[in-house]
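One chain, chain A, links the two complexes that follow: it is found with chain B in the first and with chain C in the second.
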Partner chain A sequence: MSFMKRFLSRLGFMALTVVAMSFLIFLLVEIMPGDVAQTVLGQAATEESVAALRETMKLNDPLMVRYGRWASGYIQGDLGESLYMRGVQINSIFWRRVGHSMLLALSALIFYVPLSIFLGVLAGVRAGKFSDSVISFLGLATMALPEFVSGILLITVFSVNLNLLPLTSVIPIGQTLWQNLEILVLPACSITFVMFGYVSRMQRSSMIGVMNSDYVRAAILKGMPKRYVIFRHALKNALLPTITIIGMNMGWLFGGLIVVETLFGFPGLGSLTMTAIKTRDIPLIEACVLFITIIFVFSTFITDMMYSFLNPKIRFKREDL
Partner chain B sequence: MKTENVLEIKELNVHYTTLTTTVVALKDVSLHVGPKEALGIIGESGCGKSTLSYAIMDYLPLNGASTGQILFKGEDLLALSNKEMQKFRGNRIAMVYQNPYSSLNPSLTIGFQLEEVTMFHRGFTREKARETAIETLIDLHLGDAVGIVKRYPHQISGGMQQRICIAMALLCRPDLMILDEPTTALDVTTEAVILDLILELKEKYDMSMIYISHDIGVVNKVSDRIAIMYRGEVVETGDKKAIFDDPQHPYTRALINCIPRSGVVKEHVKLNTIPGYVTRRSAEESGCPFVARCEQKNSTCEEQYGMKEWAENHYTACDRAYATDVPAKKLQVDEGSIPDTGDAEHKNVLELDNVYRYFGHAGKRVRAVDGINLTMERNSVLGVVGESGCGKSTMGHTVTGLYPPTKGRILFDGTDISVSWRKRSPDVLKNLQLIFQNPGRSLNPSFTLEQIIGRPMKKLLGIESKQERRKLIIDILKKVDLGEEYISRKPKQLSGGEMQRAAVARAFSISPNLLVCDEPTSALDASVQASVLNLLVDLQKESGASYMFISHDLNVINYLSDQIMVMYLGRICEYGTKNEVVGSPHHPYTEALLSAVPDVDPTKTRGTIRLKGAPPNPTQKIVGCPFSGRCHRKIGKICDTTPPPKVDISETHYVYCHLPPHEMDIIATKKGM
Partner chain C sequence: MNTFYLQLKKSPLAIIGLSILLLWIFAALFGPSLVSYTYTEMDMHNQLVSPGEQGHLLGTDALGRDVFSRIIYGSRTILTVALLTSLLSSFAGIIIGFIAGYFGGLVDTFFLRIMDILMAIPPLVLSMVVLGILGNSTILSLTIIVSIAYTPATARVARGALLTCKNTEYVDAARIRGESNIFIMFVEILPNTIGPVIVEITARFAYSIMMIASLGFLGVGLQPPTPDWGMMVIENKSIIRSAPWTVVYPSLAIASLVIAISLFSDFLSKVMINEN
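Moving on, here comes the complex of A and B:
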């Protein structure tokens, strides 16, 4: 079956991308200005101690050897040791942050996907009418706001004025995210702001296209009720482009939320990446960036599979009768 | 005894409002369809045929409004609410559309799309609905009905898709079926099968039918009564025979006469043309819709216009079709001989020596042109005919160098031109021109006609002086019936017919020896097509150029060509002079093709040959005869395993087929057109 073939080839391609990207990340960090040992020891360090550290960190080995060591560590689940926080295993902080980010991403998804699809469909079906104008305006307005502006707006309204939600999303020491779920609300809203306009406009235009298609006309002229035509005939086809859009943004959502996380002080992967970059914590940067890359590639893969599964044109090949 | 009409339309008006204007789409349309009657509606594009069908279904765009009455078995459909209308749609009145592929939902199985109809209208369970669906599919002679319901629309061929759409319309056994150009998107052999099927089912289910088409031949085949529409009005209705034998409205007469059909060939007849083209109608306009293009008009036209009974069952809005008070237009074939061009050394203007053109990679290789040997004589018109996907266009494009042949040699006036046009000499480029089906896309939209026509003149003829060029451009524009004022117009400002004239003008401005015309008139309305065909005939006589005229329309090919070549799946089936191929065909495919062409003459009906299936996948490697999968005269295994040999019928006539000579003679004596 062609679906299986597609699945396998995309899977292979995905693996290849990850390997290539890992090498590229390694290389990029490698050519970043500044010597690692020097950074670790500070500007005042003597040349001998820098050289000695280089030796212990095995920085003098050839590039490929170092890459191999790095990569095999990753495969065994060892992300290495932080440079900035000496002696701290990256594993011990990294996965908790990933968990936080996932939770944030999921809550954002739960917020914005149904909302944007529902309103997008509504606007599409009522194209040109009042409800469409309102939804389209909302979409445009939220899309025009950068996330730090909408974030600040949300904070001002809900935390400062109404005092309903915490000002920042910091988890108090000794507690876990699960005990502080309310800190997810504002960042998730802020993400919804960014995504809503994007996704709902996409959904609207694909819905309009489908509602004007010959097959929807045919369904209506078969005497099918309008509601049934929308849900049974139009929706599935109109969802296809939206799914692609949502899927393509998954990578961003699961790790690229640098602005939002920083703004709210949310302890996720995005703010971790930010810190790593600021402190030039090279092993941490590598871990973060590689992870985000993997999420990107993986979500693209999932999107592609979902798309081909929903689209019978790909799922079933034309057979000649 | 007067039986109640199934449908009665009274004074139906439809108009669309846009921001700036009101456009009248239908004006005072009154029509009726009796029980079991088939009403054919003929009109060119933009004449309101489709609006009429959607108005009956109460499905007009938001900016459309209608007044009048549409009585279906006595009930006024226009007065019904949307909910009430639902009970009629797909149930009592069903519709079939032009494009079957896009009318089927790509993400639902065919079974699902069939079942829902009876589930809604009849309250059937899914099982019962599936049973009914399969029964109906069997009525439509779909072999594997049980298998088909599990498929998705893209998995079956176009002809099959249209049958599914027809089945869908029939599920509730409607009283009235509206068919809106149902075969226009199909190949002629598929069309023939579908038309037969429609007639058969109409009998079987006792339906009334409205059949809408621009194709007079098709309408003639399926209808009892015919209505002619022009710019939103019905101008004439009557029984089929009366309309064809004794048309009264000048438009009807002109339209019928501008269509090439059997027996009409350029040597004897010049096609009738209607000047101008169909324009939109504004709300203020009154009187005769045809007045701008009518050649019989006189001072009484304004007042006297209106539907009148001419004879029993024959109504017309005007009866001046044979009026003698205005001088009759003279359409004469001038018998001048064709001037000889080029050097006499090469008798053949074009030679194709085993030409192949493949697309795609190994494994998915499409063999568009699969070994063509051909010689084209100087000063002749070669008509290349075949169904979509037979490689006729690819061959034409290979000759003009849009892409070089994969294998083989092309000789033009003795020069080897088996390369892409970029590598051809200016002399070859000048002498070998191409006209496309869609002139809108081949003319640069940001240039004026002066620039468009002047460019090749400057580049290929080396005429540097602007004045000189302008003079020549005006000359050539006049020749193609475009006035001097067109010189500064851009393609967007032209109608479809004018654009194609401009394209012809550009090609002829540099006096080529060979013109490849790729379906140049298929996008045009009948009346406009006629004028472009006439133009091409005149220009050929005058310039002595040769044409390779590629078309799917056998009537057009027959009208225009000296030689005809029939292609199937990238190969030649039959080649010969016009009289040989059309008058005594020897190849089974030519026979089927000729039998499939619907005849315009109502007195003639001929048995069509029903071909099985659709052309095979062009990526398949064909070992034997390309036609063997569908051939109705296939003789046996040899057809599948051995490529058919070239059989010479006469010096100028050959076929590729395994049939023994006496069987070919049977084809020839049965005669096509």
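Moving on, here comes the complex of A and C:
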């Protein structure tokens, strides 16, 4: 399959997944116990007013009609109105939160990608030695820790004992995230803990595989400096699986964001999702979950494409060969 | 089996992991009858007591409940749910993965695509949303939802394991003998994929603990007053400065358990995969 063909089929599948997920999310919220109109008006509302609200919210239409209306609104960029905060357009709060989360995810990436790749390469090159055991143990241990546990340990050390960094990541009213960048540090480190394990372990094992390959041994045997062989010859190929694992873990990253943002009270998409669920704010739940899904599917798609593009075996593969 | 013990003897990390795991299992089985307080008992005169004072080994929380007892009781719930989840999701994964891989063709494509679509939403987000919407989680709902969230991943592992021995002589022999497909899948193939399956179940056990603790932390797990490690952390997070023990000890409990299981499952995967 040529690169273009692969691109198109993946693109089609991505679109299909998003449509299927949007329907699933819509259905999921449908099964939520309790009547929406009743929830909005509270238990004291009369039957007539509930019925009237159902009519104005067009809740009596068939399922597919409501799904169609909801989906077409999304396509036009209208996320609807929040149920819990009556009269608030979701668009007016949503994108700022997304921006915050993106910045947090980006700071985490800046932390953990170079760190994990560097230590993974080190462990792979020195496989079986003491430094490898230490790095591998650290990776194994941090990989399994839920984000809030590593977060609590970081808070205990850096906020409670050393008093260096803020305990919570709340932005004071009237200020922006850019004026409070220090609140990103501990949340980003908590995410780093979890991601470090996955990425460094993958980097280590792919490095070991590449270091044992014939062309690397040939390069070493012909007397090239080891540093040059590692960084110029081996790393290039050993990075491929790592890139894949980083991309594939974007979903984990976003799941983790919910936990980390809740722990630190960080005003991002994750804590917004949590609030939406707690307040049973249906349109907001739908917007948050669908957005997380789209990010996840899109990053998987990009990863797949990058993998095919960077891998000459796929890039140059033609059916007639 | 003998090589297993020999291998275990040579890896101190796996022994440490297994011992900590066994310790927690012991705590879950017998701990509640050994501790001096129940998980709801409030010592109204001794709220927020520091560890080691007034007969409270790890101190008390804001309601005067003994942190140590709550951790011990909590080990029972988290281990139960995690064990059920890892078994149920592996079981469902084996059935779906085996059917997809064994029949191949359209059946395979059909199941793979459904799994791909389900995998488009992170398991934690999926479980959190569903549990949050349903409300009032119980051990049963928690187990079922988390298992569903994990099944796509386990099905992929099972399918991969099946494919490695699908085209072997003994499968052909069974087919020529006229055995049924179900017999071939579960009597001929399953025992030969047992290594990867056991590794998957153990790894899934660690993930389940991570997930259930996170769900408890997010407040969509088991309901209070059931002692849940994740819930204990978020309940007391606001008093971390004045009473760090109420937050740090439950966190350490989670950390020790998941790290122990990971160490052991890492060892298992090395042994099982080398053997095959």
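Side notes on the structure shown:
Please note the rule applied: the second predicted complex is superposed on the first by the 309 of 321 C-alpha atoms of A that agree within 3 Å, B and C clash if a C-alpha of one lies under 4 Å from a C-alpha of the other, contacts with A are read in each partner's own complex, and residues count from 1 in each chain.
Criterion: contacts are C-beta pairs under 8 Å (C-beta built on N, C-alpha and C of every residue); 3 or more make two chains touch, one makes a residue touch a chain.
Just so we're clear, the structure is a prediction, and the values are computed from it rather than from any experiment.
By the touch criterion defined above, A:312 reaches chain B but does not reach chain C. When both complexes are overlaid on chain A, the residue A:221 reaches chain B alone and has no touch with chain C.
Of the two partner chains placed around the shared chain by superposition, chain C is the only one that A:277 touches, whereas chain B remains out of contact.
Here chain B and chain C are compared by how many residues of chain A each touches, and C touches more.
Of the two partner chains, chain C is the only one that A:31 touches; chain B does not reach it.
When the two structures are aligned on the shared chain, A:21 is found in touch with chain C, with no touch to chain B. Of the two partner chains placed by the overlay, neither chain B nor chain C lies in contact with A:93. Using the contact criterion defined above for the overlaid structures, shared-chain residue A:115 touches neither chain B nor chain C, since it reaches no partner. The contact surfaces that chain B and chain C form on chain A in the two complexes do not overlap at any residue.
Residues 13, 113, 116-117, 120-125, 128-130, 132-135, 206-207, 210, 213-214, 217-220, 230, 233-234, 237, 240-241, 244, 247-248, 251, 254-255, 258-259, 261-263, 266 of chain C are the ones that touch chain A when the two sit in their complex. Put simply, chain A touches chain C in their complex at residues 13, 16-18, 20-21, 25, 28-29, 31-33, 137, 140-141, 143-149, 152-153, 155-156, 159-160, 167, 251-252, 254-256, 258-259, 262-263, 273-274, 277-278, 280, 285, 289, 292-293, 296-297, 300. For chain A in complex with chain B, the touching residues are 128, 213-226, 232-233, 236-237, 310-313, 316-321. Those residues of chain B whose C-beta lies close enough to touch chain A in the complex are 57, 59, 62, 82, 86-91, 94-95, 97, 99, 102-108, 116-117, 120-121, 144, 151-152, 154-157, 160, 165, 168, 613-614, 616-617.
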